[in-house]
Amino acid sequence: MWLWFAKLGSPKWFYELSSKWLPWLVGAMAILLSVGVIWGLLFLPPDYQQGYSSRILIVHVAVAGTSLAFFPLMAVAGTITLVWRMKLADMVAKNAAPLGAWFSFITLATGSIWGSVSWGTWWEWTDSRLVSMLFQFFLLLGVISLRSALEDSDKAAKACALLSIVGCINVVIIKYSVEWWNTLHQPSSPVSLSPDSPNGPEFWIATGIMILAVYLFLAVSLILATRNEILVRERQAQWVQDLVRQE
Amino acid sequence: MNPTPATSTSAAFLATLRRDFLIAYKRKHDVVNPFMFFVIVVSLFPVGISPDPVKLAEIAAGVIWIAVLLASMLSMDSLYRADFEDGSLEQLLLSPHPLYFMVLAKNISHWLVSGLPVVLISPILAYMLNLPAAAYFTLLLSLLIGTPILSLLGSIAVALTVGLGSRGLILAVITLPMSVPVLIFGTLAVQASVNTMSPAGYLALMLAMLAAAISLGPLASAAALRISVD
Amino acid sequence: MSAAAIESAHNVPNADSSDGEVLLDIRDLFCERDDRILFQHLNFKLRAGEVLQVHGSNGSGKTTLLRIICGLNDSYQGAIYWQGTEVVEHLEDFYSALLYIGHRVGVSKVLTPVENLRWSCSLQRQRDDAAIYSALATVDLRGFEESQCFTLSAGQQQRVSLARLLLSDARLWILDEPFATLDASGVEQLEGLLSKHANSGGAVLVTTHHQLRVPKLQRLSLG
């Protein structure tokens, strides 16, 4: 009975619930994002060491922090898919992978833009965070290509779920081993070069706002994408047909 | 009808091991090709980078490890493919024995025939790349611990993709990033020996990874096989 | 949902009578693939001594049904009982009693028939070489014992898998299109095997388009 409930009940329930929540989430995101971007990027006083380039960090730190959430999110969704066979979890996971890849990519891009100013180079292997983000990006690409290679959607869901769980464990191991590798290859890496050094309360307030805004952006994108996915996959269901007729 | 006297799991384990050895013996090219690939890739580096012994000594550990990584990935492809195509994999999944041990047997025999030869030839290639002699033993040890981890990881990816027609590159995209920690600690161990420091710490960490891989890897592979055969 | 699918729900075999012990009990099975319902409310029982032939048009889900019962496919709802206990809870017991031959017969092409059978037997019940050779002789593969299977024809490879039926003492045989590549004598032989198995208290679940000539044949139609 529970399986029936999970299978049939959830997507509709999620669709209706998210319809109620979405305006609030979008509103909050819009406010926080505009405050963060306008204040953070245009009016924040420059850092005494890094100058104006510290403003890029506000975006970078927020996106980077959010990127780290993807593998745990996908692993949890994957566990739900494999154990309880809940279709909704897979719809979330399916859309989380490309979104996560984009977030990782933006993290790398903003990181290297910041690096080009602060370090004088676009890419720096001695920054363990960027390096492990690079490998996380690759792992996410692996999940995406596995999904696109498997034609049977049910099989793809389970295979990607398993890969996400394995990948999540792996990302943690990669993170620590890259850090280790780094401290050994660059024992004298000056601390001021790491991307969270700017100080001053304004910087941290702006970063906090930005982190909240980016998380909300993640939530909104994921919800919108999942809603699309629900409509596509449940197109045979009565409630979707009714919904279409109402429009 | 007598009640079924099922075989013991250890007998089934050994029989699966023996069967895979036999198949490897009859399909020698599956075993020989990754090995040749390894030797050829390593010998390309001096040609592509520099014949300078000092430079070569510097990159030797990394070159050998990366070549091992690629060779191991290529060899993985044959692990489940034939069994999937002829239906033997279904028989394996339907055996009354824990799939963990059956998958472990396949992984072990696969490593013994395709991983071990690469490990054993590596000191010769290390010599050709001018790796300091003090590091030979560490290189051998690190490969001995590291290549089974690569096999166990690769097995998961192969099991996930076994139903796909063409999957050479997707296998690389999935397995190579996952192998980064092994690569890091493998090369760090060798470098430590080159710098006359003790590699024991790195090797211990690799052993820990191996222990985790042996206990979790076959479980994940088994789950992946069940998904792929479905 | 197709009308035929509903019909199959009522098309429960062994309505006549049955004395045999219920081995396999399928309750309220539902399976959907790619937004298409293959079957729903599917109920049937398979008793000792019965041969149940599943038939239906191509794509009606015969293979899927067999694979679901074997546990190779888990995208279904409903319950499968083996001798009164749910299969998923006692998978080991079920697999000790199950012999499955699918479209892919499970015969490695690089190995010889003998090597193949040695391995299959080791998974379920150990048999000595003498038994294996005599089983191969029974399925007319005398002289091919030591040739690699890729030199054999499709029908001969199928016969290698049939030798497994002789060597196993599994109570439940699940066979997916076992007649497909067999010649006339092979067909006759397999029918004999099925009858013999049923008579000695086993049960068979088989898909085929072939007109089976075995006693106590039950039929189940899908889609």
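Should a chain be cited, it is by its letter among A, B and C, assigned in written order, with residues numbered from 1 in that chain.
The rule is short, and it goes like this: contacts are C-beta pairs under 8 Å (C-beta built on N, C-alpha and C of every residue); 3 or more make two chains touch, one makes a residue touch a chain.
Bear in mind the structure is a predicted one, so any value in this text is a computation, not a measurement.
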* Asked: If you average the Cα atoms of each chain, whose average lands nearest the overall Cα average?
  -> B
* To do: Select the chain at the greatest separation from subunit C, using centres from the mean of Cα atoms.
  => A
* To do: Using mean C-alpha positions as chain centres, tell me how far subunit B is from subunit C in Å, no decimals.
  => 36
* In whole angstrom, how far does the Cα centroid of subunit A sit from the Cα centroid of subunit C? -> 48
* Geometric centre distance via CA averages, subunit B-subunit A, whole Å -> 32
* Using the touch rule from the top of the page, what residues of subunit B touch 2 or more other chains? -> 230
* Structure fact -> Two or more other chains are touched by the subunit C residues 75
* To do: Return the residues of subunit A touching two or more other chains; collapse runs of consecutive numbers into ranges.
  => 154
* Structure fact -> Given the complex, residues on subunit B that touch subunit A span 156-157, 160-161, 163-164, 167, 170, 173-174, 176-178, 180-181, 184-185, 188, 209, 220, 223-224, 227-228, 230
* **Contact footprint of subunit C on subunit B as seen in their complex** => 1-2, 4-7, 11-12, 14-16, 18-19, 22-23, 26-27, 82-83, 85-88, 90-97, 226, 229-230
* **subunit C - residues contacting subunit B, complex** => 67, 70-75, 91-93, 95-98, 100, 102-111, 115, 118-126, 148, 169-171, 200-202
* Structure fact -> Seen from subunit A, its contact residues with subunit B in the complex are 82, 135, 138-139, 141-142, 145-146, 149-150, 154-155, 158-159, 162-163, 165-167, 170, 173-174, 177-178, 180-181, 184
